[in-house]
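Following: one structure in structure tokens, then a few remarks.
Chain IDs A, B, C and D follow the sequence of writing; residue 1 opens each chain.
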Amino acid sequence: MSHNRFGKVLSVTTFGESHGPAIGCVIDGVPPGLPISAEEFEPDLTRRATGRSRHTSQRREADVVEILSGVYQGRTTGTALALLIRNVDARSKDYANIEAQFRPGHADYTYWQKYGIRDPNGGGRSSARETTMRVAAGVIAKKWLATHHSITVRGHLDQLGPLKPRQFEWSSVEDNPFFWPDASMVGELETYMDDLRKSGDSIGAGVTVVAEGVPTGWGEPIYGKLDAEIAAAMMSINAVKGVEIGAGFASITQHGTEHRDEMTPEGFLGNQAGGILGGISTGQTVRVRVAIKPTSSLRLPGRGIDANGAAVDIVTKGRHDPCVGIRATPIAEAMLALVLMDQALRHRAQCGDVGAVSPRIPAGIDLF
Amino acid sequence: MSHNRFGKVLSVTTFGESHGPAIGCVIDGVPPGLPISAEEFEPDLTRRATGRSRHTSQRREADVVEILSGVYQGRTTGTALALLIRNVDARSKDYANIEAQFRPGHADYTYWQKYGIRDPNGGGRSSARETTMRVAAGVIAKKWLATHHSITVRGHLDQLGPLKPRQFEWSSVEDNPFFWPDASMVGELETYMDDLRKSGDSIGAGVTVVAEGVPTGWGEPIYGKLDAEIAAAMMSINAVKGVEIGAGFASITQHGTEHRDEMTPEGFLGNQAGGILGGISTGQTVRVRVAIKPTSSLRLPGRGIDANGAAVDIVTKGRHDPCVGIRATPIAEAMLALVLMDQALRHRAQCGDVGAVSPRIPAGIDLF
Amino acid sequence: MSHNRFGKVLSVTTFGESHGPAIGCVIDGVPPGLPISAEEFEPDLTRRATGRSRHTSQRREADVVEILSGVYQGRTTGTALALLIRNVDARSKDYANIEAQFRPGHADYTYWQKYGIRDPNGGGRSSARETTMRVAAGVIAKKWLATHHSITVRGHLDQLGPLKPRQFEWSSVEDNPFFWPDASMVGELETYMDDLRKSGDSIGAGVTVVAEGVPTGWGEPIYGKLDAEIAAAMMSINAVKGVEIGAGFASITQHGTEHRDEMTPEGFLGNQAGGILGGISTGQTVRVRVAIKPTSSLRLPGRGIDANGAAVDIVTKGRHDPCVGIRATPIAEAMLALVLMDQALRHRAQCGDVGAVSPRIPAGIDLF
Amino acid sequence: MSHNRFGKVLSVTTFGESHGPAIGCVIDGVPPGLPISAEEFEPDLTRRATGRSRHTSQRREADVVEILSGVYQGRTTGTALALLIRNVDARSKDYANIEAQFRPGHADYTYWQKYGIRDPNGGGRSSARETTMRVAAGVIAKKWLATHHSITVRGHLDQLGPLKPRQFEWSSVEDNPFFWPDASMVGELETYMDDLRKSGDSIGAGVTVVAEGVPTGWGEPIYGKLDAEIAAAMMSINAVKGVEIGAGFASITQHGTEHRDEMTPEGFLGNQAGGILGGISTGQTVRVRVAIKPTSSLRLPGRGIDANGAAVDIVTKGRHDPCVGIRATPIAEAMLALVLMDQALRHRAQCGDVGAVSPRIPAGIDLF
């Protein structure tokens, strides 16, 4: 079962509520000997954290990671690796008025219906606060993939409501609070977000994540396909409503001659496949895109119901992101990295006897 | 692990190659007492089968199901339910010329790279032939969902390359070989497909599947979310490159006021969520859409490589569908039904003690 | 996978090293609405704790449980329930001399061989300290089984080296530090243990655990049999070398007429089966016995090897139990309770549609 | 979940009833490239088969294995490997009289109570017929362990009711129908069994299985310990009531100085541990013993109940083994081999990065 756990050989179990005493995770199956320190979690947690700019929630997440087990003298031991982050700056009083209300577009109603009980503070377990631990776990996966397979996992916002990048540079992505690959548009984005925040409304976004350097052969058909597990991992992120690999939904209007990435001894001639064929990595860049809905927590009143089933106008007072998609980039990266590392370990479990297979061609052209 | 198996309490393990002696599956965790006969598999297998019209592969799949275990005197016993279908009309000689070649856009290369060995006949395990057993297993899930929860799972093609329905009627879907909801367009589709077939090329498609009547409360956050498992199930189907729930990718450009489905005592005022919030069913129709790429098996030559790594022009001679998306409808239905039934059983495992929860509102309006 | 996790619908993931900052667990799949407080963990943790008498390790385990998540206003919410216990009184310096040595009869050598790295302090992850979290998790299982099914899970020492109880009274078990069911022998046991401690040697023990009131029907053949899962759960406890159900190894010399528990409308005429037939509970008392080896941590020198592979005489200085079996009683109870609760939830998942089945007979006679 | 499936990376799913059309299994996760043919299953299936001597059931099990998938040109492909055996010589009429009766000591009553329905013919799914597929799957595991790790898995009867071997020779085991290691006692055993058969009663037995050549490092603490998984695998075999590793229950009366296997650079000085410490293999012979109860299917009448709950004297007419333990030897071997192979694959998944670890000592002395 997998209520609070994902992954097979490398698995991550998370726990914790938005406004509870702490959040944490247990990472199981980590190969022994990997150097890791508490400080290494900081950069990605900061990238994900709220309060970094005026465009995200003003909750200050300190997010200091404590390593509780699984590391000895700075290296992983192969046993359960547990991480803990104490919650601070949790203002439960912000939620006092919604304890007896079900907000539209939120998990309030569904948790209540499923469990007959719910923790209303900050959304409890359904809060995006939980994704902090995904990012933390992803740090380990990114490091292992980098050091053992020279794989880079990175991502960027590819759409903010109606806005799309007009040019693309990886080097710009980390230089602005939007993970935006077009430096020339940052001012435009800031204006858009300022206007949006003033309006009280929110907006959706698109995020692209890629893994460069993935070798051929990862993925376990038929039901442990690499793309299937990526899809589940991405869709499990709060607010994600769609996932596509490579050409994705654009493939609906493509012809076979256009979609099939031809192969030559010099490499692939395209990457419509997004680096995955038959559920197995091709050796090309793995390309994933997710659609993130606009948050439903708004200052603008929305019709909901209260605990008695009566109609009620609901206004959200907590600190929320007008575009949750912005902070989704490091989360999606983490999930991609974790799926890849798990698949890497599983691949060598079954296929560790398979030697070098020829012919093998280079990644080739990454256009799609 | 899940190479050839999916589902938790209700699980399906499939086996068999396209041109091997047989394909089959083991369905585990089926509740006892469900009436089932071999004949009940026929309708959905026929819907999925090739050779039904000139618009799909001309391979004739007889697909006679033999129940090997798990049924006694016409009712399920709760033990492993095994189904077997012998392969007939498998023309392996069609594939003789591609045994030493890797077709572009196919799993030939990736299977070879992963395993160092592959069965080239008809694509072996990577063939869509495997989906036959998903459809067979789905028959049991559909029946259980219908008899125990009055749930209907059904689907239709929503796009065939550039063509979209201009009107929508469920009643039309089963009256044409395209699962098309607009009877007035069938002639247009036939012409399009005839032209396509003559051209030797193929085209992508979009398929929508829905489950009507799903109660609130199914789905297991955080990592067994209903939408996450649907995403994995859909993405595991051959040729699927994208999955969306409810508004899906359209939510990128939506505002929160537009996307959040407001709630009143009379029901929801929309279904942008696609029937799922926080990974749990809302009581509305569960709406899923998948993007299916155009098949890469074409009469038109494509650049590939051979076993020596040399460049080669590849022409596929086997019998293939110019639009694999057409037959994907019953497959996607089956996967949705199987995920829902598994979640239903898991929900009562954990939450069987939870009584009727109030307030509960009707499904309301299904617009999105 | 299951490195640090067991259970299916109800699962427990533990983490933490003996001398690390903390130990903890995540309990997943707990039904919502169960009242639970941090204080309720105390009694069983105290029963398991070291330092309770002079006959167990003198390490003082405070074992104060902090509930980190999954409980709201005193009741479980159905989300991940996390528990944390900070380690105190951990004297790592006791282990300084064995850091570069492999103790005979310990996991030092095997952890080193498997992982190439190990935390030597107090045995690290291989320490019985880990079982604290099993006992904590077991508190929840015991409570649910008691309140929802009127099941009692309890245990006692049934053998301490050569000593066996001469009479049996449940009421005596909790009145002495040996979990011994024969009050008349407590003085004898104390003398035996005092002599043993002085000798510097250790001794094995037998523990019996039972579950009374288990309904018929729990267990999932063929590979999720109740007895198979009990066997795994027990054998996973440190120092356990054998598990038997009902007549166990005595059944080797039994005839079928002697072993088969005959049935009458008034109930079973015996319980050689230990309450399980075909992997499913019969409605009788579930009876399990485990064999626990003598600890290998002794003041008496033993031949081992050091990090250079050289022969070395090893003397253990840490605080250890001369009979680890004594404290195993609450641990074995916890594991039995957890397996039963998991099976109960799984049974209703698959068989929740099955109504009252007749004929059903009483438990009858529990002799064996 | 694991109703009809066991194993993690290498998993086996079995199906089929005793008197249904067929039994079979799906073996998932088999490394690619392993040569295998249908003929290779014969020797072990014959060892397990009934009808081999007058001392086992007279049902003739032809047991011809058909490979349905997962093998191409004589080698495994890494995809689902499915095996099928058609049932022949199934005399369901032998069971007509017990359809409405619950036999004492059998799973009839518990299956009925759990599922509300059961297939009474030959015990349906609860029959030892199912173990045929374990043996078949075990053939693959034995072959892989032998060819990749030079491991030998073998077993023998170590007790038949009151009789124990007076001397031990592996070479004798396969030369008599009792898997008995003392050739001088075969006449004695034959007389014992003939007398037993005439009496109409049955007897229990003990079986020992060992794996020689297992490297250090296999096993996944804390809950995937090698011994824990062996315990579950053995206890899942029909009629097994107890499992012990190494010294097992004898360790109860051992002192630590006696039990702890001391280590020297030349190897271990004993093997009380049975080759496993801390749940991880030590490099010594893995030693397992199981207790097998006497069959409850007897010509001698036993008290049972009928479908109306009335008392009834039950006489079993089917063909049964007076000592089911005899044929359990190859089954226990198969289960041990399957657990070891699964653990081997899992070990390299997580610890494939760990190079040669020193110091490593030889297996040494296997006394216990």
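Criterion: a residue touches a chain if its C-beta (ideal position, glycine included) is under 8 Å from a C-beta of that chain, and two chains touch if they have at least 3 such contacts.
In this text the structure is predicted, and so the values were computed from the model without any measurement.
Because subunit A and subunit B share one sequence, their contact can be compared position by position; here over half of the interface residue numbers appear on both sides.
The greatest centre-to-centre gap from subunit A, using C-alpha centroids, is found for D. When the C-beta pairs in contact are tallied for A-D and for A-C, the bigger tally goes to A-C.
Subunit A and subunit C have Cα centroids separated by 39 Å. Measuring from the averaged C-alpha position of subunit A to that of subunit B gives a distance of 26 Å.
Centre-to-centre, using mean CA coordinates, subunit A is 45 Å away from subunit D. Subunit A has residues 1, 3-5, 8-9, 14, 29, 32-33, 78-80, 114-116, 125, 221-222, 346, 350-351, 354 in contact with two or more other chains.
Across the complex, subunit C meets subunit B through its residues 1, 8-9, 29-33, 78-80, 148, 221-222, 345-346, 348-354.
Interface residues of subunit C, counted against subunit D in their complex, comprise 1-6, 8, 14, 102, 104-107, 109-116, 125-126, 130, 159, 161-162, 201-206, 216-225, 227-236, 241-265, 269, 272-274, 276-283, 291-298, 300, 302-305, 307-311, 325, 346-347, 350-351, 354-355, 357-361.
Note for the complex: subunit A touches subunit C at residues 1, 3-5, 8-9, 11, 13-17, 20-24, 26, 28-29, 32-33, 66, 68-70, 72, 75-82, 84, 114-119, 124-125.
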